[in-house]
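Heads up, the next two complexes both have chain A, just with different partners, chain B and then chain C.
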Partner chain A sequence: MSKSPFRPEKQGVFTGCGAVLAFARARRAAAAVEFAICSVALLLFIFGILNLGLLGLSLSALARGVQSAARAAAVFTSAQYANTGAFTCPSPGNIVTDFNNAAGPALPSAGDASGSNPLVTVTWTNNGTNNQAGDPPGLYLTLTGSYRWSPIGFNGLFPSIPLTITTVTTVMGSQNQTTACASSNG
Partner chain B sequence: MRQLQRLAGILRRRAARSGRGNVSIEFALVSVFILLPLFAGGTDFVLIMSAQAQLRTAFQALDYFAWTNPGNATNLTEAGYIISLINRQSDYQVTLPTTLSSGGANGGISYGCFTPPISSSAAITYQATTCSSAQTQQTLVTYQVTTRVFLPIPLPGILSSPYRLSVSGKIQVQ
Partner chain C sequence: MPYSVVLRSVVRALCRLRDRKAAVALIIALSAPLLIAATGLAVDVGYWYEQQEGLQSAVDAAALAAATAAEKYSVDSTNMAEPFAVAAANNATNGQFAFTPPASAGTTTATPLTLTSSKVTVNGAASTQWVASATIPRRSFFSAVGGIGFLGVPIGQQSASASADLVLPSSPACLIATQGAISLSGAASVIGTNCGISSNEETGCSMSATGSGKIIGTEVATEANCVSVSGAGYIGTSASATPSDSSSTVTLNAPAATDPLADMNPTDSAAAGMSIWNPGWTTPSAPVEAASPVTPDLGFNTWSAEGVGDCLVLGDFNAGCELDPNYLTGMSGFGVASLLLNEGTTTGTTFITGGFSGQSNKTTTLNGDDYYINGGMDVTSDTALTIGSSAQTSPITMVVNGGTVMNNGSATLDPGTYYLNGAMSGSSYTGWGLSTDISSSLALEGPTYYVNGGIGITNGGPQMTLSSGLYELTSYAGNSNSENSGDAGAFYAGQGTYVFGNPVSSDATPAPNTYFFDGGLTISGGARSVVFNPGIYYIRNGNLDIGSGPTVTGNGVTFVLEGNAGFTIDAGASVSLSAPSSNCVAPANFPNPSYEGSAAPYDGTDGEGICGVLIYQSRGDTTADSVTEGASGAFAGAIYAPNAPLTVSGGASMTISTSGLPGLEVASVTDSGSGAINLTETSSSGSDSGSTSTGAMLVQ
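Showing the complex of A and B:
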């Protein structure tokens, strides 16, 4: 019968340095202990790289949502203007709905109120018929999508990372109106 | 005290002749030379990707401006207004240089010419001058937008900071 590496100096009792010496001599499960120590660092790296991929996915969805929602809003307003001769702009709520539809499940549901995450900011600029200081006439929609992205697996360890995409769309044939559309409050 | 010295001696001898700790050393080497550079590169990559997404979006905004205002598409001041609206709310400052990196003016006009009727095999000739009267003419505007990204962990020789990005392309306006 082999001698146990954890055999204490006094049978049945681990006493003082004797137990430490016995542990130092022991080789059983050494690889498991080393793996346990290393696996913590390894898991951190794996989660870090996984999060980089998720961050890229969120960014891509944010850009897609902003571009699609801005285009849809400009086309809607152009069509309304062509039919009625007046601006009938989509509400910020409708733009947010377009954003959510385009962004898909990669992002949580967005809002246009301050504090929403993602936050969609709608700003209409109407230069009217004037062309002052090189500003082209017409109606322009500036749409910004902001998302504070948090990595998974590191709750509370790292601050959220702000992602922002901004685009501008031109409302076609809108050079002769002076009224503006309602911007969002976010 | 004697027992502690004995313990230290045992540990030294064991460390010298046993393979214990090999995994830790190997992991440390792999971390320094592979995992850390991978993570640093990944971080830079995400920042570059983020700037690239903003740059593409800005370029798309310019395209839409040119498409809806064909008469003013070559006016860099007006195109620059679109970029300035974006820059007010963007993390990255997008610029519209006056000249293209490939040469020629930013916002410059070129023409695509073909002889009707068009078919899938018909060749379109792209040129700087207007087409002949017998040909059908497409008018194209070329834009280029650029930006810079400040990388948190630049990799010398591979990813220098600031990293410059540019997007260019043509849009048919008429």
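Showing the complex of A and C:
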């Protein structure tokens, strides 16, 4: 019998070579398995980046909405005084509308009722002429926007993340007012 | 962009460890735009938000700074205010935007800040509004065209603007001339303390001071473009001013002073479609007259037989008559020592026809419940007339047609409803509804009086009290009472002393004092003193006239003048009146429309006056008002007569103090001689104002 020139002289060497060839033959199936493993990490990574961006967007929009709505509310109240001589506050509903306009499409439509998401909490305080520690005198608005943000693509895998932005805005010149403004109940 | 390239490289490198094929790379490549879009959008939008807020903070600060600087440094042009605004905007944003005034914005890195100003009205006062605005290019890192450009968002602009109003210190006007000028001559003066003087006259020089006339207030403002000063006259804000700086502190071309009572409903019945005057005069219908009423025969003691009582004749004027009649006639011209009707009863109805007059009884006492007297009642008792008795439990109803004259030593009308009609159909007697010229005391115990023909007291110096209640007094056009002709009015106080209503202690609910004088209320010079207790006094078709001499005091009163009614205070009168400050209705709610059409007094307040308002002369009423010749008046409360001119002359003085309302709001003021009008605002915080100090507030 003629020896195959390719037959290895030592078993171990030939065995190893055969395994490489076998591996080469089995390459397609193995790649699929490996891709499956890799793709999980990949998708996690892709959605992670995506969600990181969306989280930043939501947080920015929330901050923008709260600060813009608080300014609009304070300015509205001042303008009422300029025009009518009385400080008249916007309703929580009006403030929510301002919030939604300012936050734009980056957030779902907000509400001031308990359970809304995003939730806008309107708290008017009238300190009169008292300049209490930490509290400004006069009429001021504490406006809080809360948004439970949920990442996309991970339904149920991760809890939603609570985002909260609070701002305090004083209505200028309102020290002597007895105005009672409507806060929200949410 | 490098960021995404690096990102892609990293992802590829990760997968390259296990696999050299392109599947993962393909996925990465396909998802790259999405990743970059999400991440880039977050970065870009976050940046835009941050820029927008920074820009808004900057222009807010700029507008506030401009308004504040304008007040503090008397800056009145945008050029002068710009440096303050620009500095404030840069400080607020750490110089992030490098703001400069538009004129010097030469470099591309600088952001021009635009500042404008305009005249506005803030809380009724003239003020200035400052508007700051700025625009910057909207920078993008990822999403814009020209950037990576995936999203194709065009390069745009971001802009923000803010408006700040300057809020002036509250200087409430205490004198508003709503339609005309304030003209002073001689040594006349108009002085406002803690408050301003305003004229809403636009044409001509709306304020004038000649001789040594002075118009002084914490602010003097007029809608006109000039004031006129001559001689030693002065118009301005400084009490110690000299004529040389006269009128320099007058605010010209000011906006019209607002009417703080503008929301108050007009009380003109016609204009408002309301009827606060009782025109009804709904005399209850009298019982049917008996076919043959009983005639008392004083010569004989025969009445007991007829069951109407008895009359014991003890001689002329010494008879004591006790009658218990239902229907009587011939009750005229006899005098007895005492006449007592319906003794011991508090019920029953008595009808007397042919008059009840010519009596000269020493005492006349009318018991019983209801009286209907036709032909007038002229009771001239020597000593006393009493209608009702202390035993009376139900209010009396008394109807007298043909006039009631009570020339008694004293007369007391117990509580009840009285309809006193001066005129009687078919009768030649047309006189006062109720009059006296001899009585020393006349007590109307209320609570309800309807007097057609008015009440006239012409002589005798009586003491008259009109206890708390509703009084509707109407002058009778055909009043031909010889004594009183020419004095016709709803109430004429010729002599004596008068007390309207009951005084109330501060913790008590005011008694329902409501008085209607249809035809005017005249307190002649002969009257000695008049006291008005808390209540509301309506007057129309005749003035509130206070003649020379009497002392008039009132506490917690509101006079409502409407329909050809003004007020005049003549020489030597001394008047001291104060408006209600508690248990009263707020001006804006008066009269309360919800009470329209309901029972008198139709304002739902049972005579409670209008808070802070002493005299309310309705807007349709142009009847001139005057204070003349040495009259002195102290008024705590607003005098509101926006369509009526006021004349103050001679040595007359008016001292008016108010809180939160103008002391005097009239169409125009003419002040001559040495007439002095002194007005004081007592409230420290001023009129309708929440701001105690000057400041700027954002309004847009």
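In this section, the second predicted complex is superposed on the first by the 151 of 186 C-alpha atoms of A that agree within 3 Å, B and C clash if a C-alpha of one lies under 4 Å from a C-alpha of the other, contacts with A are read in each partner's own complex, and residues count from 1 in each chain.
Basically, contacts are C-beta pairs under 8 Å (C-beta built on N, C-alpha and C of every residue); 3 or more make two chains touch, one makes a residue touch a chain.
Here the structure is a predicted model, which is why all the values come from computation and not from measurement.
Trainee: Just chain B (first), just chain C (second), both, or neither: which does A:Thr125 touch?
Mentor: In the superposition, A:Thr125 contacts chain B only.
Trainee: Using the touch definition from the top, say if A:Ala79 reaches chain B (first), chain C (second), both or neither.
Mentor: second
Trainee: After lining up the shared chain so the two structures overlap, which partner does A:Leu50 touch, if you call chain B first and chain C second: first, second, both or neither?
Mentor: Only chain C is touched by A:Leu50; chain B is not.
Trainee: Is A:Leu42 in contact with chain B, with chain C, with both, or with neither (first, second, both, neither)?
Mentor: After superposing on A, A:Leu42 lies in contact with both chain B and chain C.
Trainee: Report, in rising order, the residues of chain A that make contact with chain B in one complex and with chain C in the other.
Mentor: 31, 34-35, 37-38, 41-42, 45, 49, 52, 55-56, 59-60, 63, 67, 71, 74, 171-173
Trainee: Applying the document's contact rule, which stretches of chain A touch chain C when the two form their complex?
Mentor: Against chain C, the touching part of chain A is residues 31, 34-35, 37-39, 41-42, 45-46, 49-50, 52-57, 59-61, 63-64, 67-68, 71, 74-75, 78-79, 81-82, 84-87, 106, 171-177.
Trainee: Hey, which residues of chain B end up touching chain A in the complex?
Mentor: 3-4, 6-7, 10-11, 14, 18, 20-24, 27, 31, 35, 38-39, 42-43, 45-46, 49-50, 53-54, 56-58, 60-61, 64-65, 68-69, 72, 75, 77-78, 80-82, 85-86, 88-91
Trainee: In the complex, go through chain A and note every residue touching chain B.
Mentor: Those in contact with chain B are residues 16-17, 20-21, 24-25, 27, 30-31, 34-35, 37-38, 41-42, 45, 48-49, 52, 55-56, 59-60, 62-63, 66-67, 71, 74, 121, 123, 125, 134-136, 138, 140, 142, 144, 162-173.
Trainee: For chain C, which residues count as touching chain A in their complex?
Mentor: By the definition above, chain C touches chain A via 7, 11, 14-15, 18-19, 21, 23-24, 27-28, 31, 34-35, 38-43, 45-46, 49-50, 52-53, 56, 60, 120-124, 127, 165, 167, 685, 688-692, 695-700.
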